[in-house]
Amino acid sequence: MDIATLGGLIGGLALIAWGILANNLGIGPYVDPPSIIIVIGGTFAAFFIAYPLSKALNIGGVYGKSFKNPTNDIATIIAKILELANTARREGLLALEEGASDIEDEFLKKGVGLIVDGTDPELVKSILDTEMSSIAERHAEGRGMLDTLAALAPAFGMVGTLIGLVAMLQQLDDPSSIGPSMAVALLTTFYGSLMANLFFMPVSKKLEIRSAEEMVIKEIMIEGLLSIQAGENPRIIEEKLKAFLSPKVRKSLSPAEEEAQAEA
Amino acid sequence: MDIATLGGLIGGLALIAWGILANNLGIGPYVDPPSIIIVIGGTFAAFFIAYPLSKALNIGGVYGKSFKNPTNDIATIIAKILELANTARREGLLALEEGASDIEDEFLKKGVGLIVDGTDPELVKSILDTEMSSIAERHAEGRGMLDTLAALAPAFGMVGTLIGLVAMLQQLDDPSSIGPSMAVALLTTFYGSLMANLFFMPVSKKLEIRSAEEMVIKEIMIEGLLSIQAGENPRIIEEKLKAFLSPKVRKSLSPAEEEAQAEA
Amino acid sequence: MDIATLGGLIGGLALIAWGILANNLGIGPYVDPPSIIIVIGGTFAAFFIAYPLSKALNIGGVYGKSFKNPTNDIATIIAKILELANTARREGLLALEEGASDIEDEFLKKGVGLIVDGTDPELVKSILDTEMSSIAERHAEGRGMLDTLAALAPAFGMVGTLIGLVAMLQQLDDPSSIGPSMAVALLTTFYGSLMANLFFMPVSKKLEIRSAEEMVIKEIMIEGLLSIQAGENPRIIEEKLKAFLSPKVRKSLSPAEEEAQAEA
Amino acid sequence: MDIATLGGLIGGLALIAWGILANNLGIGPYVDPPSIIIVIGGTFAAFFIAYPLSKALNIGGVYGKSFKNPTNDIATIIAKILELANTARREGLLALEEGASDIEDEFLKKGVGLIVDGTDPELVKSILDTEMSSIAERHAEGRGMLDTLAALAPAFGMVGTLIGLVAMLQQLDDPSSIGPSMAVALLTTFYGSLMANLFFMPVSKKLEIRSAEEMVIKEIMIEGLLSIQAGENPRIIEEKLKAFLSPKVRKSLSPAEEEAQAEA
Amino acid sequence: MDIATLGGLIGGLALIAWGILANNLGIGPYVDPPSIIIVIGGTFAAFFIAYPLSKALNIGGVYGKSFKNPTNDIATIIAKILELANTARREGLLALEEGASDIEDEFLKKGVGLIVDGTDPELVKSILDTEMSSIAERHAEGRGMLDTLAALAPAFGMVGTLIGLVAMLQQLDDPSSIGPSMAVALLTTFYGSLMANLFFMPVSKKLEIRSAEEMVIKEIMIEGLLSIQAGENPRIIEEKLKAFLSPKVRKSLSPAEEEAQAEA
């Protein structure tokens, strides 16, 4: 559970509510169901034009991912790869099969499987690279849905405001209704702006960063697997993999690694 | 028939109509034929400057593609490639000619034809790559037309609003006409915004996603054809092609593949 | 003569004029010479800062190109290349000199000349590639001028409107002049927007598409010339060149090619 | 301590304060705590959604870097590399170990360590390249946080203004409160704009330039280290490294280098 | 002296002044020293945060470059290279030393020096490429400063306008002051817009074009130097270098070349 996503959403909404209540008008004038329907409805109508149905219906799953913590811990992965490297050095590549049984990550498991099967190194690299870039593209597609929503929401907010303004301008003869009518007209812009900047854009950003982290981990896995297959010295493999990390993460790795090496 | 495109367009328009009717003024004040003519006419006048006539006149065909479902199913294509691989393994490359007769996809058919003709592998790759990137460029050009329209519509919406505002400001002495005049002036901005965000932008997005899907399928075809020509083991070909797919699609493929292999 | 460019410009202006006249105020209030001078003058003053004089003065030539049809027809070019390939096959590379005499395209002529001179294939490729990318860069520079104008026109439109608004606000005490003053102030924004969206942006787009088409033709020429020099089979050359084309263009090519081959 | 960052921030704020006081209303009407809370709170709520907690909490450290001067002086680094090159030439690569003891830069130290260990040149290059691009990505991520804040602040400024406008429009019947209410509504836009353009955007820009400078230094280090490992002539190494520098910096280097060479 | 830059600036300012005077209010209402100070001051305060002091202080030098004509004439450079090629052919590479004495361009001089010193061709290419891309990066950094200023000026223009609007809205009870107060508030937006679109953006564009031209000349120099070093035929070198040029420039070159070849 990623507390920051939930906390940010709740905190942001609470702040907005507090800002509204500070005007001593209550939350009432800020809630106009028809305006809400126009903005959300228009945004999602256009969204369903933009994305094939099977993908569009998956938007909930994509959004939900921003509430989950990443499953892979970089320290554990590097420790596991070094453990595999030590096993391969001492007992040969075939011995990896056993060590692979407790790997949870599908990508690493597949890579080990390919090595154990004696697949040609170039083919291993080609298959894993294709798989990694396919995953990256699917992530980008998911973020693209949120970016599309973030672009559509303010646009339909403006469409709603224009509808409201035209109605208000047609009835200028009743001065007392001008203010409230225009207030209502502005609400769709308010909803659209809030949806884009609190609900869609930041979540898209989070998924982008998560995807980048996952790709670094996959790059580390590929680098590590190819080095294991090439029979390189575990110490050199460690040196290579650590080059991907920041000094801070490197230090935090040390205990895990020592464990791995002690174990080895 | 892609129901989502049609449903999104109808749903979006219905929502806007409902939002307009919620103001109890009827749909009348929102329909101003001269405003509609200025926005649509100006947008398409600029569009015909921007695109050579033969391409510009094809905009209907480009737009229409967003209402059609893609013809290629990834599962069928992979099954077909594996079937071809099995045939080639057992009976030689020339035996592919027969198996190719029932291929509907022109690109795959052409590739099989090149292999049967004994074309040099590098030339096969070069011809298919050129063809794939030419197709991708033509798709991008089609989307470019919709993106141009999506940029022009709000611009001419603003031009129309400026025309209306200038007229209104010249006649400020009749206060009763100010409201309705300004309402009419705003309509062109409303039309331009709706055209861009409901009709052009989402459809361009859909064509972009369809094109990306089609390119993945073409990449799979090229990879598969070259592997068949190289005489690779069908199991390794399967491994290679599956790396392009998401885990979900991979699982959905299994039955089709089993069929293909049983058949083989 | 590209009728679409001229028709689009005239049609767009006619529509705007019609939209203006629909307000029953005549065209008068929309024509303010000082406003026109500020927008056009400011735009071009900044434009002359932005571009070296020799290039800036060439803007008319660049603009004019959007009114001309492209000289190269893809069918004629491919037919010519296949004819050259046949000649070279039967009579040797030196025989190309004669066949080159009626080539109108400078680029193709130069390429044939290099081959006849016995230039090293890598050098031929290097010289033609350099020339092609230099041409593409010059095209991009021409478009860049129009894009700069399209960015400057609305900016100086806004500058003009600000000048007008400040003047109007300083004289608020005469209520009868407020409307007309503000109307005049808005005119510069109107002019700037029209210049950008009707005159500059669409023409830049057309030049972009023309340039892309020309580059495809040049790529076909280079591919064809190098294949001729390598002594490849004309049928394979045809296969290679057609990969650049859409199925529709391919079909339209058939008669021309048959002619070329009958001739050969 | 980078005086320009601090001076710019203080100077910018002083100017704004002076501009406010020039209106003879005091600073009071420009300070509205609820508005400040909405803009800053909303911006950071969305920011915490966008970035994983561990990174988001590091924003202070990232921001603080813009107040520090870079630790590496290009002249000192080149002099050091030339000194190492001379040592390696005269006494062999192993002699570098001693000379490396007083290197403060971690990256250069690591590189020297790899050379002393007799690591394969390609592996040295691969490890240092990976490390350099990992550092560049971490820098880009830090700047990305500031860019996200710079995009969010004006957005929440507008959200705050919309909240205020709706409140004002609901109470139009009290004319005396219209002005001040609208003034308060505009404050959030003012805060958001100032945050983006004075606090976030310029600092992101400074970090971008610093990062680019650091990458040039790292490129120089890699180039120098590989040349040392290849046993190249120190004069050629000097020629190579100086190609990275501007003529001005080159001249300023001369004394340092002469020192280094005299020393050598 | 680049007359176009100066002429454009003076012409643009004269036009704006004329547009202002056309309102018969004199230039007075458009000159508000506090507003000028806020926009210029705020823009440069943020600018000094964004750029390290040593670079920021160099902004005058960068700006000044747009008033100078480029020193290198493409015809002279090509003639010189061909002259060097002829010398090298007849008298050997060492004879270039003498011919290099009258080369003014530092880059070409350095290249000739490297060749005379018998430097390895790959190293010559590597050093000159590094130097060329370092120069291109420094140019881009200079333009980046102007682009930053062009982005900051309108932003601080808006900040100033918000300050003025808030002040005006707080004093709505004095109707006679509303107009002039709002006029003054708009001035900062006017200044910011003018600074960006007349002073910063066009000059950045000019430097971009100049840099591109310079890079083409440097590419020609590198190509020419490597060909000379490889002992290629001067006629082939000429053919290669001319591929970089437009047909128009090629024709204008002919006299200079003939001279060079006559001389040779």
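Order of writing sets the labels: A, B, C, D and E. Residues in every chain begin at 1.
Everything that follows uses one rule, which is that a contact is a pair of C-beta atoms (placed from the backbone, for glycine too) under 8 Å apart; a residue touches a chain by one contact, two chains touch by 3 or more.
Everything quoted here is computed from the prediction, not taken from an experiment.
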Exercise. Just how many steps, at minimum, does a route from chain B to chain C need if it may pass only between touching chains?
Worked result: 1
Problem set entry | Chains in simultaneous contact with chain B and chain E | C
Exercise. What rotation angle superposes the Cα atoms of chain A onto chain C, in degrees to the nearest 5?
Worked result: 145
Exercise. If you average the Cα atoms of chain A and of chain D to get two centres, how far apart are those centres in Å?
Worked result: 25
For this session: Calculate how many whole Å lie between the centre of chain A and the centre of chain E, each centre taken as the average of the chain's C-alpha atoms.
Result: 41
Seminar exercise, completed: Within chain A, the set of residues that touch 2 or more other chains is none
For this session: Report the order of chains around the ring; begin at chain B and proceed in the direction of chain C.
Result: B, C, E, D, A
For this session: Using the touch rule from the top, collect the residues of chain C that touch chain E in their complex.
Result: 34, 37-38, 41-42, 45-53, 55-56, 106, 114, 119, 123, 126-128, 130-131, 134-135, 137-138, 141, 148, 151-152, 155-156, 158-160, 162-167, 169-173
Exercise. Along chain C, where are the residues that touch chain B in the complex?
Worked result: 2-5, 7-9, 11-12, 15-16, 18-20, 22-23, 25, 29-30, 66, 176, 178-180, 182-183, 186-187, 189-190, 193-194, 196-198, 201-203, 205-206, 209-210, 212, 236, 239-240, 243-247
